[in-house]
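Working notes, structure below.
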Amino acid sequence: MSSLSTPAVTGSKASAAPLPRRTDFPHFLAIPTRWMDNDVYGHVNNVVYYSYFDTVINEYLIREGGLDILDGAAVGYCVESQCRYLAPLAFPEIIDAGLRVAHLGNSSVRYEIALFPQSENTPAATGWFVHVFVAREDDRPTPMPAGIRACLERLMVSGT
Amino acid sequence: MSSLSTPAVTGSKASAAPLPRRTDFPHFLAIPTRWMDNDVYGHVNNVVYYSYFDTVINEYLIREGGLDILDGAAVGYCVESQCRYLAPLAFPEIIDAGLRVAHLGNSSVRYEIALFPQSENTPAATGWFVHVFVAREDDRPTPMPAGIRACLERLMVSGT
Amino acid sequence: MSSLSTPAVTGSKASAAPLPRRTDFPHFLAIPTRWMDNDVYGHVNNVVYYSYFDTVINEYLIREGGLDILDGAAVGYCVESQCRYLAPLAFPEIIDAGLRVAHLGNSSVRYEIALFPQSENTPAATGWFVHVFVAREDDRPTPMPAGIRACLERLMVSGT
Amino acid sequence: MSSLSTPAVTGSKASAAPLPRRTDFPHFLAIPTRWMDNDVYGHVNNVVYYSYFDTVINEYLIREGGLDILDGAAVGYCVESQCRYLAPLAFPEIIDAGLRVAHLGNSSVRYEIALFPQSENTPAATGWFVHVFVAREDDRPTPMPAGIRACLERLMVSGT
């Protein structure tokens, strides 16, 4: 399905950029597919890719940054996400989700994610995801907590 | 949460464009939220927005374009999608999903979608979604069937 | 697929009981299917039926009983659910979910649900769902709020 | 939340039976939770438990029994499922799903599943799931393929 990723097909300039490799990502999470991830065409449904994005990001924030999703004063809201689908995935595959930080602001962070089939070095999908941290109390942007900032700095890749 | 949609926050030039209105969309589907759409923060999870995109598109292709998802010779694969989140949605709201066609190629189509809370004229989210039609047999791009093309032409908006 | 519902197949005595009809249910909610509800076999996945159960119940509790899912002192936890699958459902069908109350305790309620394809009087699935209301503060069973009890009493069917 | 599992609360005689332990299950699959599994109450939503059931079963059938979900002549349809919820689960926990076969018929199989939090010997949930194998061609019950039967026999537990 690599022919699907040509710029002519996706109509996106971004697609002309070279694809990232495993070594471009400082953090990985193995995400097993589930039976119901597959849709009627026998592949993981396009929607589900974003749940892999969501999961690799929040698992990292909780384990490494101390994000408290029930009671923390700051909450991460997604304000934008995007995905390019390069090759199909299917249950019962296990996906290696790679994560890096492309931009770290005061209250916002832009992640880049790539999904690799196990034992492959070319991603089946790439995408981005932007979190804005807001105060749980009033939904207004707030500087991200120190523990979260520290763990995100470790995911910044020079040159991005 | 309108402050979340400022360009400074999303870091995206696209966000400076004026938001579309209901009259900018020739087709709508009412999509009721479900209990499990809400995540731990009490809003519809970012992933679920894409299932609304998926649903308004495929419902239209099946009802108006004769798409046969089980046996049709051509299958629509998603090669790219994107969403900007402008305001929260929550169960038990009903969402009006607006759909238009921004670009219609030989085998591909680029949809634009906006999600409106009922009785509001400002979208809670906007996004795009690119379908490439491939032959079910060999997964290679194929011209889209005539019935599908005809129904998509009716969703093209002059000036987009 | 009606042959699938014979007692021999399901191995359950319950399946010998006559199937409920639309008139057996005092409340209905129309639930449109979504594209990703379908699984690889082209039907709504068995898991998704429970999200229809969840949705008809909670939509009713919020709209009719004043359930406040974000701040209410009492929270409804599911302690048991069951579903018998009698006939396939598929996107883009709209499902009529019927709801009644079979048993109303001090802090618990047992719902019975049936899913009807539109314009059919025989359910495609039947099931039950038990809620126990607990205090949000300490997760201990608590009498259900008066507004919720009142709306559930209206769903009790004589003879059940 | 153990108090929720008393017979008085669930209204089910089955709940008086002793809970199964890890040693009661011949097969396990580790299933990591996902961010969107959590619902507004901060726990894995009741619906999602069934996707864990679905996944441990089908992953086993594919890997050990040669189930071909795209082209196989026989297809497993779920005709009944049930779950008792004994304790909450929450992202980012990893769940150990235990699987055994309680009854193996000619074309049907009744599985029993228990979900264990890692490093616990008491399940957070138990349930059953009944598959009937049908011919893909005409949806009529058919004897299950030999490879599938063989792998299921290995999951039968004496005394069940």
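Every chain is named by a letter (A, B, C and D) in the order it is written, and numbering of its residues begins at 1.
Basically, contacts are C-beta pairs under 8 Å (C-beta built on N, C-alpha and C of every residue); 3 or more make two chains touch, one makes a residue touch a chain.
Bear in mind the structure is a predicted one, so any value in this text is a computation, not a measurement.
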| item | value |
| --- | --- |
| Pair of chains joined by more contacts [C-beta pairs], A-D or C-D | C-D |
| Centroid spacing, where centroids are CA-atom means, of chain C and chain D in whole angstrom | 21 |
| Geometric centre distance via CA averages, chain C-chain A, whole Å | 35 |
| Centre-to-centre distance between chain D and chain A (centres being mean Cα positions), rounded to whole Å | 30 |
| Residues within chain C bordering two or more other chains | 35-36, 38, 40-42, 45, 47-48, 51, 54, 69-70 |
| Pairwise touch network: line, ring, star, complete, or other | complete |
| Chain C partner contacts - residues on chain B that touch it in the complex | 30-32, 34-36, 38, 42, 51-52, 54-55, 57-59, 62-63, 69-70, 91-92 |
| Chain B-touching residues of chain D, taken from the complex the two chains share | 35-36, 38-40, 42, 45, 47-48 |
| Footprint of chain B on chain A - complex, ascending | 1, 3-5, 9-12, 15, 40-41, 45-48, 50-51, 54, 69-70, 75, 77-85, 103, 105, 107-108, 110, 130, 132, 134, 139-141 |
